[in-house]
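The structure's right below; bear with me while I get my questions together.
Read from first to last, the chains carry the letters A, B and C; within each, the first residue is number 1.
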Amino acid sequence: MPKRWTLSGIAAALRDVYPAGLRGRADLPIRQVATLRDAESENIAFFANPKYRSQLAATRAGAVILTEAAGKDLPDGISALVVPHPYLYYAHVVALLNPGVKPPPGIHPAAVLEEGARVPDSCHIGAGAWIGAGAVLGERVEIHPRAVVGEGVRVGADSVIDSGAVLYPGCRIGKRAIVHSGAVIGADGFGFALDTTVNGAEHWVKIPQIGGVTIGDDVEIGANTTIDRGALEDTVIGDGVKLDNQIQIGHNCVIGAHTIIAGCVGIAGSARIGHHCAIGGAAMILGHLEIAPRTEISPGSMVMKSIVQSGKYTAIYPLETHAEWMKNASALRHASRLANRISALEKKQ
Amino acid sequence: MPKRWTLSGIAAALRDVYPAGLRGRADLPIRQVATLRDAESENIAFFANPKYRSQLAATRAGAVILTEAAGKDLPDGISALVVPHPYLYYAHVVALLNPGVKPPPGIHPAAVLEEGARVPDSCHIGAGAWIGAGAVLGERVEIHPRAVVGEGVRVGADSVIDSGAVLYPGCRIGKRAIVHSGAVIGADGFGFALDTTVNGAEHWVKIPQIGGVTIGDDVEIGANTTIDRGALEDTVIGDGVKLDNQIQIGHNCVIGAHTIIAGCVGIAGSARIGHHCAIGGAAMILGHLEIAPRTEISPGSMVMKSIVQSGKYTAIYPLETHAEWMKNASALRHASRLANRISALEKKQ
Amino acid sequence: MPKRWTLSGIAAALRDVYPAGLRGRADLPIRQVATLRDAESENIAFFANPKYRSQLAATRAGAVILTEAAGKDLPDGISALVVPHPYLYYAHVVALLNPGVKPPPGIHPAAVLEEGARVPDSCHIGAGAWIGAGAVLGERVEIHPRAVVGEGVRVGADSVIDSGAVLYPGCRIGKRAIVHSGAVIGADGFGFALDTTVNGAEHWVKIPQIGGVTIGDDVEIGANTTIDRGALEDTVIGDGVKLDNQIQIGHNCVIGAHTIIAGCVGIAGSARIGHHCAIGGAAMILGHLEIAPRTEISPGSMVMKSIVQSGKYTAIYPLETHAEWMKNASALRHASRLANRISALEKKQ
C-alpha cells in the first residue's frame, strides 16, 4: 500500500460516493480495514447488523463506519464515519485502501495473437494467452496467462479475463467484466434428438448449437463457472449480474440484470430469471420456466415450476441426526397413506 | 453459410437419413432454422410437441417439419417436410445448414509435441497445445489451443479436444468424441485409507490410483466435467454417452452406452449405470450401486441404493414459499411421531 | 514396473510401516494388487470387510492381506500377510508396487518464468507452465504443462501442481500437496454490497477480496475444485485435508486438519469445519456456521445451522418411484395441516 490514509482523507476521497459525517479524530491514521472483532487502532471496521452490537461495544478499532442511529452505541474514544449505508460505504473504503495492481500494458512475447485480432495498446496480454482471429478487445482489457479468447470474440473495455478462462468463438462480453480462472463461456449447449429408428439401438444425434452468448456490462463470473452458447438465439446475461464459482447456466437462459447467484447453482436450458433475483448456493432451476423479478431462492432448493409471484421460496429437507432421519424418512415414505388414515379417523367421528 | 438451400434441396440432401414428403413450394429458399415462434419466411421450423399447436397455427415460418398426422394443422401457405420423427429430422437439418468450420490441418508453431507423440498430418494442433510422449492421435483429430494430451493417451479419429481440456496420462478416448473446455479426464480417483495407528492423530494415506479411463465412440463430454481414473481397473464410459457440463464421475464407474446425463450430476465411485439411462441435472448417485438400463432419475434426486427395476425415480423436497416451508419442515421433523399418534388414535377406536 | 516382488520382499520393505506376519510361501512372486474377486495367482488382495467373506472363500489370489482374526477363513493354499489394519497396509502395498514415474528435474524450454521466481534445480517445470514474479517453489516441486503459479505464490517441497491448475497471486501451499488439473486456488471470494441509493436501480458493488489462501501440508485438491481467497483474513485448509473433485470452498472458510470431503460439496463463506470431519458428496454447508470436529455429514445433505455435537447428520428426501413421490410430496405440502388435524382428533377423544 503506497499511500497512507487518515480518517478525514478517506471521507474526502469518497465524498462523491456519499458524504460521511466524521466523529472523533480527523487525523486518525488508517492502515487497513478489519472486522470489529479483529480490528486494532489503525483499522477501520463497519457496523451494519444489530446482531454484532456486543462486538461494537468491545472493538479496539480506531474508527467504525455506522449509521446515525447506531452512533449512540459507539464506545468512547473510537472515531466514526457516519453514513446511511455502512456496508456499502465500507465496500468503497476497501477499494480505496486496496487499489490492486493493474498489470502493465503490453503483449507478453509468449502470447499468441492470430491474424486479425484487434488488441489496443492499452491492453495487457499475459504469457501463453491466445487471441483468435477476428477477436476484438476494448481498451485496457487484461487477458491473463493461458487464457483463451476464441475467434471473433468481443470483450468490452476494462474487462479482466483471468488465467485459463476460455471464451468460445463469437461470445460477447461487456465492459468491466471479471471472468475468473477456469470459467468456460460458450461451450455447446446440451441438445440431442433421440434416434429411435433402429429398434433396440436408440442413440442420440447432436443438434449443432448455433447461438452465442451475450454478457452485459459489470458482470462478474466465478471460477469454473460455465455458460453454454444458445441452440438458436443467444444465452443472455444481463448487466450487473454476479455469478459465484461453479455455476452452470444452460443454453438459451436469460438472466435478468443485477441478479446475484451463489456457488454451485445449476440453471437448465431456456430458464428465464428476472432482474434483481437472489439464488442461494447449490439451488437448481429446471429448464423452460420463468422466475419473477426480485425472487429469492433459498440455498439447496430445487425449482421445478415457474414462480410468478416474487418472494422467498424454499425446498430443503431439514437436517437431523442420522438416527432421527431414519425414522422420519421412513414415515415420509408413507405420508400419503398417513393422510388417508387421518381422513378415515375424521370420518368415523 | 456459403451454400444456399431450397426446401427440396434439403429433402434431397437428407434422403439417406430419412425420405421426407414435401408439401408446398419445392423451390422455397431456406436460410436458417428457427423456432415456430421466431421463424420468418426463409426459416424452417419443426413441430413435434402438441403443446405448441398454437405456435404452429401462428407461425410465419416458410416451412415446417412435422408428422403426417400433424399435417392437418399446417396453416395455409406454409410448406412442409413430412417425416415420422420431426425433431430427429430437424437435428439433421440444423447440421446440414450449419456445417461448422473445421480448423485446417497442421501444427501451430506454438504447440509442443514431445518425442514419440504420433500425430497424423490430417490433425489440427492449436497454439500452446501440449502432446505428451507416446500419445497417439487418430486421423483428423483437433486439439485446440492450450489443451493437454498426457503421455500415452490415445484419441480416436475425428475427435475434438477443446481449449484447456486435460487428458491425464494413459487415458483412451474413442472416435468422434467432443471433449469441451475445462474437462479433466483421468485425474486420481478419491481413495484413502485412514491410519489410526497413532491415537488422536489419525490421518489419511493415499491409495495410488493405477487404473485408467476408457471412453467409447461418439461420446460428448461437457465443459468442466471430471472423470476420474480407476483405482485398479479402468473407469468406463460407453459408446454414445452424452455428458453435460460440471458432471463428476468417480473412479471405477461404468456408464452404459447411450446414457444421457444432465449438468451438475455427481456419480460416486464404482457405481454402474445401465445403458440408455437418463439422469436429470444435479442428481447424485452414491457409490457401489447399480442402476438398471433405461432408468430415468429426476433432477436433483439422490439415489442411495441400487435400482433393479427400470422406471422413473424421484427424490425432491417440493418447493414452497419460505413461510409455508417453515411450517411443513417443522412437521416433517416429527413425522415419525405423527405416525405414532395416528396409530394410537386408531387403536382407541 | 521395473522391480519384481516376492511376498517376503513386500513384508520386508514395509517392516517400518507395520511388521506383518507371513503365512504360506515367502517366495511367492507378486506382480500387482487386485480385488479379491479379480485376483489371480501373482496378485495380492486385501480382506477388511466381513461383507466380502464369500469373495475371500472363492478368491484365486496368490496372497491376501488380512487380520489375525480373519486368518481362520483363509482358504487352503493361499498365502497371507497378517496385520491389524489390512486396508491401510494395502494402501502402502499399492504404493510400493506402483511407485509412479517422477518427471525429471528441469525447466521445459516452453515454460515461462518471470523475473524473481525462485525455482530450485530439483523442480520439474512443464511446457507452457507460467511462474509469476516472486513465486517461490520448494525442492522437487512439479509444475505440469500449462499450470499457472501466480505472483508471490509459495509452494512447499515435493508438491505437485497438475496441468492447467491455477494458483492466484499470493497463495501458500504446503509440502507434499497434490493439486489436480483445473483446480483454482485463490480466486476472489463472492462479496458484494447492494447499492440501494438509486431507487429501482439497485446494483452490486464489489468488495475487494484482500485475504489470501493458506493450505497446510499433505493436502490433496481434486480436479476443478475451487478455493476462494479471503475477504480480509485468509481462507485456511488444514494439514492432511483431502478434497475430491468439483468442491467449492468460499472465502474465509477454515477446514480443520485431516477432514475429508467428497466430490461436488459446496461450503459457503466463513464456515468453520472441525478436524477429522467427513463430508459426503454433494452436501452443502451454509456460511458463518461451525461444524464440530469428527462430525459426519451424509451425502446430499444441506447443513443450515451449526453442529455442536459430533455425530452423523443427514438431510435427504428418500428416493421413490415418481408415481409414489407424486402422492407423498403432495401430502408433505400439507404436513403442517396434517399435524393440526391429528391434534384436533386427539382433543376430541
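By definition in this document, contacts are C-beta pairs under 8 Å (C-beta built on N, C-alpha and C of every residue); 3 or more make two chains touch, one makes a residue touch a chain.
Being a predicted model, the structure only gives us computed values, none of them experimental.
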{"item": "Copy-to-copy rotation for chain B and chain C - C-alpha atoms, rounded to a multiple of 5°", "value": "120"}
{"item": "Interface residue overlap between copies chain A and chain C, same or different (over half shared)", "value": "different"}
{"item": "Gap in Å, rounded to a whole number, between the CA centres of chain C and chain A", "value": "26"}
{"item": "Residue list for chain B, restricted to those that touch at least two other chains", "value": "128, 146, 164, 182, 224, 246, 264, 316-318, 320, 332, 334-335, 338, 342, 345"}
{"item": "Complex contact set, residues of chain A against chain C", "value": "18, 32-35, 38, 85, 87-88, 90-92, 94-95, 98, 100, 108, 110, 126-128, 144-146, 162-164, 178, 180-182, 218, 220, 222-224, 240, 242, 244-246, 258, 260, 262-264, 276, 281-282, 299-300, 316-322, 325-326, 329-330, 332-336, 338-339, 342, 345-346, 349"}
{"item": "Touching residues (chain side chain C, partner chain A) in the complex", "value": "112, 114, 128, 130, 132, 146, 148, 150, 164, 166, 168, 182, 184, 187-188, 190, 192-197, 202-208, 210, 224, 226, 228, 232-233, 246, 248, 250, 264, 266, 268, 284, 286, 296, 298, 301-305, 311-318, 320, 324, 327-328, 330-332, 334-335, 338, 341-342, 345, 348"}
